[in-house]
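Note that the chains take the letters A, B and C in the order they are written out, and that residue 1 is the start of every chain.
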């Protein structure tokens, strides 16, 4: 049995249920890095290349957090999750493409990285093949892998179903794995706000200045792009001149556009990370689109390594005041 | 129609000819200046890279001069540049300046779209297909000739005995290429230009340091964006070679023994290629330059350039393993010429000392 | 007569002049604020250092460095012009032969230089951010109403340095104000500022560099004992602060002046009495072609001394 380390950032918030079940079914111990702390942030800033964006630095920090406790770091090279036969050239951000190499070459004393390449355009059953490669690496038989794969898929499906019921991914994971209580959904929300952005920013409480709990305390119902099915999202591709190249960016853009068209949504908050390359485009595009969708209220919050809770709070409170004022007036 | 396009090195000479001979009026984009950059910065997202900002400024300048259509290119990503036309169009629409941005996506992405746009340019100019093909052919020859002339100038400049002579001769040669109107003219102008450059008074006893210039295509190709770094180095007596030229013909010949695939040699360092832009190329080209006896590498990239950041983080390992110093210059609107010059001078001092030490020890390679 | 060699380092914040002898001994030194007027400052500095010098010293060579090195070379009559990175490396290795790392923090920029066996193998300079430079401490000192000279002593008295976060000066300042509001004492805040500066420096300029001892710490900021302590703590070794930490760039230039003038057999040095000379720069836009280069002309008493700024070399005129 090996100990497999999974950094609690980047794709974790969307794909963790699958990999947790997959590895555990293969008799591996899964160790997740702790939720982001100042120390993790500091380690990341120290280890990663200066010019990198905050999420990439954070990833380095999470790797450092578990490096000494595990035999392997599970850090797949995420290239594309477009399905085979699907027209399009969507990939992940170039930094994701080079991430295993960046980590390997800029950090000392880290365990071997399982950097299996995930490029689902390659063929119909590519995802199973990816899992097989991981299984073979761990010395497992095809039969064992198949069993683990199907179990994991089932759990991932349940996870997605929970998301589609407007449950936030961290809460959904609690329900799946920690027998957590279902948080009661806000029955009579004051406001309904779509929070869009990258999962590793909007679901990471430390880096985003606890914006989610802040909004919940203010009796706001939160929607995110991850609560929408692919079908709903992909419809939005037609509404912009050209889609983004990057998977997570397209999700944020499609999600935001969808919510801009929903009558019940009072405003959009886009959380973006400092020095994120794609967001230089995404953010301006959303700003202009919000204007064109009949002046939908739009707030962009850029988070970085020292976004204090206070800074986020001020901006969010002002935004909520503005929305309430608008509502009262109409 | 009044047509314009992005400014990129000397390519405007060929593109101007293309537009004019397709039956349109050409608004030649001015060389990017501080005004261009100011205009661009004012209307661009803060974290867009400098090529985006310069192009934004250039578009606003050509619009002032009356441009109605801007021809530009897209790409299939994942470098941001492939989406720039989308954002430029959004922003220009918001500014309500009444200009049309027409972007040519690579034909492999959308063949129909590509030919429709080409056809539109041709038809509105009133050219037959046959005439148009001929115009394209001459344009292509011009592009190749421009690159060849420029490449030769970088080979000669470190030997020149009167500062600026090479640059002056290069401009004369470009003027001659500008005046050429058919394939024979272009060929003649090219030969004439090469003769001019070879006629520059030179001290061939020098043994210049050799520096390879790698990085992101726009800041590598546009001297106004990189503070004329190749001329600056040339006038310091350094021979520079760069991996990227606009015409792919020359790009195949820029590094000797370039048959070995650039991306292939990058593999041990970067398991995925391409990663967008020239990120993977930068790794591979550094290795090839080292193997071809170059003394150092200057990596040029816009500040916040995604693929080059990946390359930069891997570069220390490449530099160490192949014993070649690398100076990375990330360029943004705050980069000053003096800052670039100081770093280059120190880098050249470093390379010079290394060469002396190497010669003294008589060893092949000094690993730092 | 004793032979002296003049080194002038003109940066954006300060102008330093030194004269050394054949044994690298400092014969005289001057520190001035550049205050945006490099020409006047250099003139003033030259006349002052001339007065300081013993009568039996004769200047046998001169060199300039720093961001205004080219302009200054025309005023001084320099035998060699060198960039400040190389100048610092030269000075440090003359002092500590096997120095392997140089940390230099000046008013508006900071650098790291890596040497192996006396040869520079790598270097880096800060980019646009001021958080890793001296001006950052200056600003915070004036905010705390403490003179920058006392800064270090406060830091040394700290028991629990507070953590001040900040990628850049503005953020660090707001975090510092926040910590003040929480009631931390001044000593701990100052020590925290020193640690923040070191962290920023290491995360930017020093990123990925192999830092081996001996490490020299120089530049005006090295006067600050709090920073020295913070570097020692971060690096886990003792940094060496050279006696003349503030003028290492000009010492490097002076050493280069000695080498150059020996090779040349003479010096172009114009003397100390140049205060009466009227130096002026004027520029015009060349109309020779569409490039419209801004050509800068440099005059000495209305006599054209040099011209630069043109890309084609048409106006080329240089004194040296």
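Rule of thumb we're sticking to: contacts are C-beta pairs under 8 Å (C-beta built on N, C-alpha and C of every residue); 3 or more make two chains touch, one makes a residue touch a chain.
Bear in mind that the values here come from a model prediction, so they are computed numbers and not experimental data.
For the pair subunit A and subunit C, chains touching both partners: B.
Interface comparison, A-B versus B-C: the higher count of C-beta contacts falls to A-B. Chain centroids computed from C-alpha atoms place B closest to the centre of all protein C-alpha atoms shown.
The distance from the centre of subunit A to the centre of subunit C, each centre being the mean of the chain's C-alpha atoms, comes to 46 Å. The centroid of the Cα atoms in subunit B and the matching centroid in subunit C are 34 Å apart. Residue numbers of subunit C whose C-beta contacts span two or more other chains: 208. In subunit B, the residues that reach two or more other chains under the touch definition are 303, 316, 330. Contact of a single residue of subunit A with at least two other chains is seen at positions 49, 106. Partner subunit A is touched in their complex by these residues of subunit C: 165-167, 171, 175, 178, 202-204, 207-208.
On the subunit B side of its complex with subunit C, the touching residues are 31, 162-165, 167-168, 171, 228, 231, 303, 316, 325, 330, 332, 334-335, 338-339, 341-343, 345-347, 349-350, 353-354, 357, 368.
Residues 67, 82-86, 116-117, 119-123, 125, 127-128, 208, 289-291, 310-314, 316 of subunit C are the ones touching subunit B in the complex.
Residue ranges of subunit A in contact with subunit B, taken from their complex: 48-49, 51-52, 77, 79, 89, 91-95, 97-98, 100-102, 105-106, 115, 117, 240-242, 244-246, 275-281, 283-285, 288.
Partner subunit C is touched in their complex by these residues of subunit A: 45-46, 49-50, 106, 304-306, 308, 310.
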